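Remarks on the structure that follows.
Order of writing sets the chain letters: A, B and C. Residues in each chain are counted from 1.
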Amino acid sequence: MSDIGKYRIKQLSIFSENRPSRLGAVAKVLRDGKINILGFSIAEGAGYGVIRVLVDRPEEARDLLTKEGFVVKFTDVLAIQMEDRPGGLFDLTDQMKDINIEYGYGYRSPPYAVLIIRVEDIDKSIEKLIAGGLHLLDNVAFH
Amino acid sequence: MPKDQLDRLQLKLLKILARRVYDSSPFYHERMREAGMTPQDIRTLADVTKLPFMTKKDLRDGYPDKLFMRDRSELIRYHASSGTTGKPTIVGYTRNDVENWSESLARALTSIGLGKEDVIQVSNTYGLFSGGLGFHYAAEKIGAVVVPASTGNTERQLELIRDLEVTAIAATPSYLMYMGEVAEKMGIDIRRDTKLRSGLLGAEPWSDRMRDRIYETMGVRGFNCFGASELSGPMFLECAEQDGIHFWGDLALVEIIDPDSGEPLGPGQKGEMVVTMLQKEAFPMVRYRMGDITSIMEEPCPCGRAHPRLTRIQGRVDDMIIIRGINVFPSQVEHALMQHRELGNEFQIVVDRKDHMDSMLVRVELRPEAFTDDIVELNELREYISSRLKGVLNVSAKVELVQSGTLPRFEGKAKRVVDRREY
Amino acid sequence: MPLSELKSLQLKELKMLVYKLYTFSPFYRQKMKGKGVTPEDVQTLEDVTKLPFMTKKDLRDGYPDKLFLAHPREVVRYHASSGTTGKPTIMGYTQNDIQNWSESVARGLVSAGIGTDDVLQVSYTYGLFTGGLGLHYAAERIGAAVVPASTGNTERQIDLIRDMGVTAIAATPSYLLHLGEVAEKMGIDIQRDTKLRMGILGAEPWSQRMRDRIQDRLGIKAIDIYGASELSGPLWCECSEQQGIHVWSDLALVEIIDSATGEHVAPGEKGELVITMLQKEALPIIRYRLGDVTTLDEEVCPCGRAHPRIGRIQGRVDDMIIIRGINVFPSQVEHSLMTNPEVGNEFQIVIDRKGALDTMMVRAELRPEAFGDRVFELDAIKDRITHKLRSTLNVGVTVELVEPGSLPRFEGKAKRVVDKRVL
């Protein structure tokens, strides 16, 4: 089991009220801490939002944000590498069909593209995906 | 009153009624004329079958007061039940109508031993729905203390039951079972910590199994109650024998018919209930087809009352469903959904029972044009439709927006309702 | 009856009341002893000031029925209002109490010009809240027809007003304005298409400006009504002169005090309303501090009635707020929020008026431990908090989760309420 732990990527989830420039405030903390953003999304709730970011130094980012009064949580997500061409996502979906995805977002990182997902049972999912022959990114690639 | 005396009284009242509706109701006069009959044709009780039927449609077509036989200044109350499509059905009452209504239910309460010493919590909805005020007036009439709890705020209802030493509650059976569960969570043992002993339960289908469970878990004896706003409201109840609902013969004449042919069925035979309200003044309620399936019991009741007894309601002749005591027709849902251009024409009603509470989910297809990336907006649309449904149906419904083309299509009669409840 | 005669009647009743309480109410005898008063000390009406005050706290501490004077068997009804913190306040009524309550409102309705030929739609909530049943019984007493609409489903309420020939409506003023707006959207002109000509409006603060707006827009006479569940329910309203609310002297004694000193204010001055209910049996109310700020006018009204009049309610002495006719104390909100581990201790109540309807939003700080990435979990927390607040307060409320530390902190008395309404 210990070897699959490396496929868990630490994502920062930040609670944000719907107030002007809350995103700016988050970005400023990260800039001032010289922290690089690797992946990013915003989810909309009723009257608030959840900002989700992948960064190079998650613990430090969390400490800095917490110090500024933000509510921050770590969430483990998976990063699946895919081909950066038409059909790249489709190639993955057959192996992913038994996996319950809660949310996901993607980014392009030539020569590849990356799909980030939060899944219901992460360890089981990792095993299934690896067994299916997919390439999961090691968290070393991020942190 | 012995059976033959009751029959004679009924015949007398039926003759008076036939004369009254013939003389003062243009609507029913016309019906009788079409049937080629006059009040003189009523000579025996069996002649009741010569009178034409009335249906919910007549009430709907008569909206708001075309069926009323009395001047409006003589009416002291209106109730309304939701109709099968848009308009509600209006029920008017003279002072005597309210009096007879209360009298009917008060007698029933007395027949199960309730009286001045009792504290009755009325947990049926008050307002246009006749349930709340019906029990309220009846309880007041027998001199009991009334706690007009209406619906909602279950924790508080339980505190009141305990602290005000409530002895009887009027509610839907599923709500009482739900209360039992909430009580347990609050650490209240209904049997030990309260004086609640009787439940006046109705307004929705239930079973002897539920009755047993209510008694085992709470020590509350459940009495089956019957009524309908068209008849006035809740009217009739089982007696202490808990075996069949007594229909007071001086107030109502019950028949059971074959719903297809309209022919009368004998005692013990299952069919559609038809009720004639013998003393109703505000509007005619003659041979009204209730849509409920039941049978008249043959044996006289061990309690000694000669008033006819009906068995528990065993179903409906139409597609009406009852959710938390409220009647819902799929046609109403359709009518309400059609007001939203974001929605397609197909829908499905999923009825379920979780923790003893009925839930209703309406699944409807979102038109492709109405889709937006804005989840908050879609959620708002969903909530808006849900609040509109609640407005029309008076019962809360969850809404699920589904992809266009995914709901089952029907050739012929659509099967809109998926009912997963077990009674 | 001239004022002098009314006053001598009041003195007689007051003496009897004090004697009865001193003899039979351990609670009140204790209170009187605490002030060193005996019934003999009440020789003139002015001597009422020697008697101790009663407050909401007394009723709360007396939960459920410690303050009741009547034998339980004499009680025929309970109502309940939400208390300032957890427990509700219970009101008991004897048959006479119900009679006097109905009589008081009935007299008010008659003085405003409502009679047998009227159709009154009661759009106050029915149930434990006294508004609905209070108006219902009064209208029935004067022989008017009642449409027990209760609250909700505004479109249907408007249909009924039009189709049932409703002539008067009892509602909160803001609901009536809302109803007017919805009617307009439905293409119904209240002035042209309905027979509505009077509104019996109260249960929340309103202003002369709102009265003008209602009268102009809807073409109806807007009558101010006052009451409180502790006093029985809605009790007194303006006569057709619309110059103050007549308090029937045979049933109640009015005082206006300086809320800081407890002393009477000079005639015509503004102060806290204090009421003694002269004939209440089940739950006696003596010198009860209502917390409402108003004035007293003892001049004979142009209508000829000598019963003193109180002016429009001009505010509160405490932090109670009134939302859609329901009293809300910030302490209740605090109490309810504290049962949710997911939010902190700071909160803010934002009151606004959207269209004509009051809205209440509670902003609470999410605890960092409760945050967990999933949007649906946060929504579930919010829904849970909302549901708890709704069932405690009995009023619609929305909840906003905010970041910890973002709400204003206070040294000394916290200012929890931001009221943006313009009345």
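Here is the rule we use: a contact is a pair of C-beta atoms (placed from the backbone, for glycine too) under 8 Å apart; a residue touches a chain by one contact, two chains touch by 3 or more.
Everything numeric in this text was worked out from a predicted model, so none of it was measured.
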| item | value |
| --- | --- |
| Pair of chains joined by the greatest number of C-beta pairs in contact | B-C |
| Most widely separated chain from chain B, with each centre as the mean of CA atoms | A |
| Euclidean distance of C-alpha centroids - chain B vs chain C, Å | 33 |
| Euclidean distance of C-alpha centroids - chain A vs chain C, Å | 54 |
| Residues within chain C bordering two or more other chains | none |
| In chain A, residues with contacts to at least two other chains | 44-46 |
| Sites on chain A touched by chain C in the complex | 11, 13, 15-17, 43-48, 50, 52, 66, 69-73, 75, 102, 118 |
| Touch list for chain C against partner chain A, complex | 366, 368, 371-375, 378-379, 382, 400-406 |
| Complex interface listing, chain C residues touching chain B | 63-65, 72-73, 75-80, 87-88, 90, 116-117, 119, 126-128, 132-133, 136, 140, 143-150, 152-156, 159-160, 163-165, 391, 394 |
| Chain B residues touching chain C - in the complex, by the definition given at the top | 63-65, 72-73, 75-80, 87-88, 90, 116-117, 119, 126-128, 132-133, 136, 140, 143-150, 152-156, 159-160, 163-164, 391, 394 |
| Residue numbers on chain A that touch chain B, as the complex places them | 44-46 |
